[in-house]
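Shared between the two complexes below is subunit A, which pairs with subunit B and subunit C, respectively.
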Partner chain A sequence: MGWMQADSGDPQLRCLICEALNTMDVVVCAECSAPMALVHDSVTQGRAPQIISVLGDSNVGKTVYLGFLLDMLSQRANEFEAIPKGAYSVDLQQNVVASMTQRQFPAKTAMEPDRWNWAYYQARKSGGRRSKWYDLVMPDLAGESLAAEIANPATYRVIRSLLTKSAGAMLLVDAALAANGATRPDFFALKMMSYIDSLFQTKRDAKVQTPIAIVLCKADHCPESFDDTRRFVQGSLNRLWNLCESRFQTVEYFACSSVGSLAYATGADDDGLDFARPIPLHTSLQGILEPFEWLISRM
Partner chain B sequence: MVDLPDVSAGTGASVLQCDRAIFTSLPSAIGEGYRLVAWSSGLRPEERVELTRRAPSHGSLCGEGAASRGVIQLCLQSSGRMVWGFVRVAGAEHTRRGGGRIWTEFLVADASEAAREGMHPCDLHAALAAEPASKPPLGSTPLARVTVSRRGGGSAATRDGRAVTVAASVASILLDGRSCVIATGATPSDVLDDALHMIPASLRAGIRACSGLRLSSSRGVTATLTDRFDQDIVRATRGQGIECIDLQAKVPPPGGTIVPWLTLMSRWWNEQRSAQAMALADQLSGGWSVQEILDIAEMSEAIDHGDESAESLQIYLLRRRAA
Partner chain C sequence: MLRGFFRQDAPTGGGRAGVDEDPLRACMQLERFGVIVTRGERWRAHPDYENVFQAALDAIDQRFSLVPEGFVSMPTTVTDEPGCPETDHETEPFLLARTCVTNAQYQKFVDAGSYEDLEIWPESIWPHLIGFQDQTGKAGPRFWRGGRHDEAKGDHPVVGICAYEAATYANWAGFRLPTEAEWQMAASWRIRTSAHVFRRYPWGDSHDPRRCNTWASGRGGTVPVGTYTEGAAPNGVLQLIGNVWEWTASDLEMTDDKGRPVVGDMLLKAIRGGAFDTYFSCQATSHFRTGLACLARAHNVGFRCVLDAGRRDG
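And now, the complex of A and B:
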């Protein structure tokens, strides 16, 4: 774990994500803007954390999903025990819960890496002393940054570093759009998985081993995706399904939903254009924890 | 005899050809969210990648009112070309997830031409404003190149003595080129405009700064003029060698070799001669050295004290330009 040790005589720390050297007093990495608290906390734990990347297109619901997942973990859902390492880890879930309480979706995540939220949790499934603790780092990336990176690799080096170091990933796909026949979710997911495939550059007949959970978000709009998720993916996201079959060893499909009922506020904006703003009337969490549980069982 | 109209006419003929790009959040068939939605055909792929990384996205403006605006001036690492960005709020973002839609118009010009002309961002913004509105859907056809000509003159945003001191101080910091965040109060972009008006045209292209935007290391500038310091700025700058300058608390006096010039500019601005000051700064385009600029400042002081005739400055400018 040389990356987390301060060199003797050279008081610098290596960033957990991009491995750039930073002085001890910096708060965010000068190269990739990841919080250096991740490194400080790792040093305290004495073990390398495992990174779980939450991926997906813009507006698919990454922030809401991750916020609720962290909140469920910290509320010991399904016998999980989770401890946030540092107050910065709680910001995301607090933002999400506070926004949804006010019947608003949280604000868009900015593209600038220094404005992403990062969460560092220690989690384990309750089961006595022997149950294994996982140190998990979960950043909330902007969908636009992911799109820019997969379109032109190395636009955001932090994303490349992050995915290369990820022990597992969740790819969120908009099930509601896919169920309506839109091809965009399928194409975005196809690009994203192709990008991950190229990152690991395995031989032609070898598959990518990193476990990836394909999570169908907004599945309350298409209940059939809950009933038979694999069949839904095969039918509505066939390009993604085929690539996963061909190139990925450890993939599982999940459906989830966080909003129980949705209303739309309509009006006209300053330019006179009509708009409809979705208002989450209440939350009803379904399938949030399952992808996470599956991932850590495979990591 | 010196033909004074000819001298000033010489400065008005400057033009700069710029490629244009628009970065904002618009839904389309192949994607949504913030990205380059339209650009000129002269913009290279690597430049588009870098602009995407540098551009301000959701919530990046200091305010979200209709009058909120940001300005970026930087040099692209990928191609060395000069970029100006003009940031504003354009209605509500289509997902309605908090805040307005950030709309940035970029102009990209050859670095040597930009250095030679030393245009003020106001000149570029005026050229953009004069362009015909793009036909929707954006991106269906390449954007036309923009021809920027120097307007000359202009007006200072600053009217009071303290603001003049602030503009001179910021000009000095910008010329110094050190990494810093400057909290200016309510109108950071006005402060940057004024500071750049005070800087001679030949030195303007070397400035890497942005104003009216939240601090971000991805912006690629050395100086960020923002409205106020908050916890995010304290967090982002600690240990990074980035100086935090709060002009609300204390205005540092101008420093460096250019001080006599800035002293002249400040005095003229305080004497309601800002138009004259800006015209002189604009005339110094095309490779004026710092020493030559200081000579002009000295000459101008002498003219004001009655030790030199007004024509001597114009003769000097004419001869220098002819040379």
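And now, the complex of A and C:
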């Protein structure tokens, strides 16, 4: 199948992400730190999975979004069936559910690739025997790692390899910050999309074909982003909008929210310094599945 | 100066197209039953007073249920685990609406010109009134259009209204919002008997998606207020759990585990009960406490009314 190569009697496995050769007993790829369990599971399936990259700036909510998405799929939301391949695939959703039920946000994703959560799922939309199964790999990447890779390409080779192999991508953008007039969300998104554009190196006037869902997170802070998402992006993320219109063939815009009400515990921490810890008071899931549903219909 | 922004020639209850000119009959027409029953003394000399008063009582009898006196314990920290700090509250008997206020009921409030009648609103809210608009810029709940609700959802709970809109409607109709303790008493049914009975849900102690409209029921939106009868409380009150969160009259007062106050960007009002998009069943129970910004006009928050038991004129 191309993943295994016998060499001098020592069987080896080719990493699913960067295709580097690794010995059979390694847990993570020696080159890019992607889990080798992905290869073992894909060998079992007999086919290579499709990769969906979930991208976004630090603190935009990638972990919470992906955790809820996977948990909803596991519970057959919107007639989807989803089966985790390997116990490691459940870690992310379990972590997110445990944290949010305790009214805490999950810990910040570590920058080291070997500490990222990788989810490998089989999913399909219920609809009889003819409905297609998708083998999907969706890693939870650290926003700071993405930023570092954009600033200095090849800092994180696994990100470059991941994006090059992705059948689709979601770019999460902080709608709350954008609505308040902050320019960081627009600039990060612009850089991320420019990076993706440069990866595919299409001919002049030819657009990038990979489908990309632009997902406005924390949209509960700005309800108008639900009412007319395209208009919101055009008004508050104009640089992103212009680039998408110029260079990307298949882009759609979505608004989502997972927190129904956000509060803060205020006061002094153990060192006597003032702080405000965000507390998700309760969940209210809106628009979590729609970007995923759209994306796999375009893949 | 603010008064100049609003019309003053349309007093609530009369003078509007389709509304009876007579104030007493107008109150009946607009379903302001609480006003007739608790503030009707002024109309005692009216020739129809006895009939209208009785009709209002009958309407209240049909639409409200008695919640007996009792007591509740409410957790005071965001981490709601066994053994966490609690405060005890006693509640007097009160009448609770069996259903949330519907779009059709709220339409009467809008049609009566209430959004232009400054007198019925707290003065501190006057600067915000101009922002209480629907999708087309007309005064009304956020998701309405042209000052009208979706006719197909007349019997759904009204949503897209902030805490002040809910409280003002309740007062306009002669009622009020429940306190957090009263709401919890109605949902947990912790009446004073020799046995300390505390229900996690109005129907018992186990979550059941067939008895309430939460995320697990798969509806994806609000349903008519008269459905999910299997989830009724012992006194027939419906949908205390699920469908929409419900505004209460109480401010949310909570701390984290280290005693630090929990606050929002603006005043948080307590809401209870969970909604159609509440994902975790532990957040749609009789005792789960949470709050929402007082001016938030969310897609999943409604309200129901309360009348103090035994409070009536006549």
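By definition in this document, the second predicted complex is superposed on the first by the 285 of 299 C-alpha atoms of A that agree within 3 Å, B and C clash if a C-alpha of one lies under 4 Å from a C-alpha of the other, contacts with A are read in each partner's own complex, and residues count from 1 in each chain.
Quick note on the criterion: a residue touches a chain if its C-beta (ideal position, glycine included) is under 8 Å from a C-beta of that chain, and two chains touch if they have at least 3 such contacts.
Source: prediction; values computed, not measured.
> With subunit A superposed, do subunit B and subunit C clash or fit?
Subunit B/subunit C on subunit A - fit side by side.
> Return first, second, both or neither, reflecting whether A:Val43 touches subunit B, subunit C, both chains, or no partner chain.
neither
> Does the superposition put A:Gly260 against subunit B (first), subunit C (second), both, or neither?
Second partner only.
> By residue count, which of the two partners contacts subunit A more extensively, subunit B or subunit C?
B
> Regarding the shared-chain residue A:Ala110, is it in contact with subunit B (first), subunit C (second), both, or neither?
In the superposition, A:Ala110 touches subunit B alone.
> Centred on subunit A, what angle do subunit B and subunit C make, from Cα centres, as a multiple of 10°?
That angle rounds to 120 degrees.
> Thinking of the overlay built on chain A, is A:Ala142 touched by subunit B (first), by subunit C (second), by both, or by neither?
first
> Based on the superposed arrangement, let me know which partner A:Asn22 touches: subunit B (first), subunit C (second), both, or neither?
Only subunit B is touched by A:Asn22; subunit C is not.
> Look at A:Arg184 in the shared chain and tell me whether it touches subunit B only, subunit C only, both, or neither; answer first, second, both or neither.
The answer is first: A:Arg184 touches subunit B but not subunit C.
> With both complexes overlaid on chain A, does A:Arg277 touch subunit B (first), subunit C (second), both or neither?
Both partners, subunit B and subunit C.
> Figure out whether A:Ile83 sits in contact with subunit B (first) or subunit C (second), or with both, or with neither.
neither
> Looking at the superposed set of three chains, what is the minimum CA distance between subunit B and subunit C in Å?
Superposed model gives a least subunit B-subunit C C-alpha distance of 14 Å.
> What is the shared patch of subunit A, the residues that subunit B and subunit C both contact?
Shared contact residues on subunit A: 277.
> If you look only at subunit A, which of its residues touch subunit B in the complex?
Per the touch definition, subunit A meets subunit B at residues 22-28, 30, 33, 57-59, 104-115, 142-144, 147-148, 152, 154-156, 184, 187-188, 269-271, 273, 275, 277-278.
> Given the complex with subunit A, which residues does subunit C contribute to the contact?
Answer in residue numbers: 78-79, 135, 142, 215, 218, 245, 255-256, 258, 260-264, 268, 271, 275, 277-280, 282-283, 288, 290-293, 296-300.
> Along subunit B, where are the residues that touch subunit A in the complex?
Within the complex, subunit B contacts subunit A at residues 25, 29-35, 45, 48-49, 52-53, 55-60, 91-99, 214, 216-218, 232, 235-236, 238-240.
> Going by the contact rule set out above, which residues of subunit A touch subunit C in the complex?
So the residues of subunit A in touch with subunit C come to 68, 77, 97, 100-103, 220, 223, 227, 260-267, 277, 279, 281-286.
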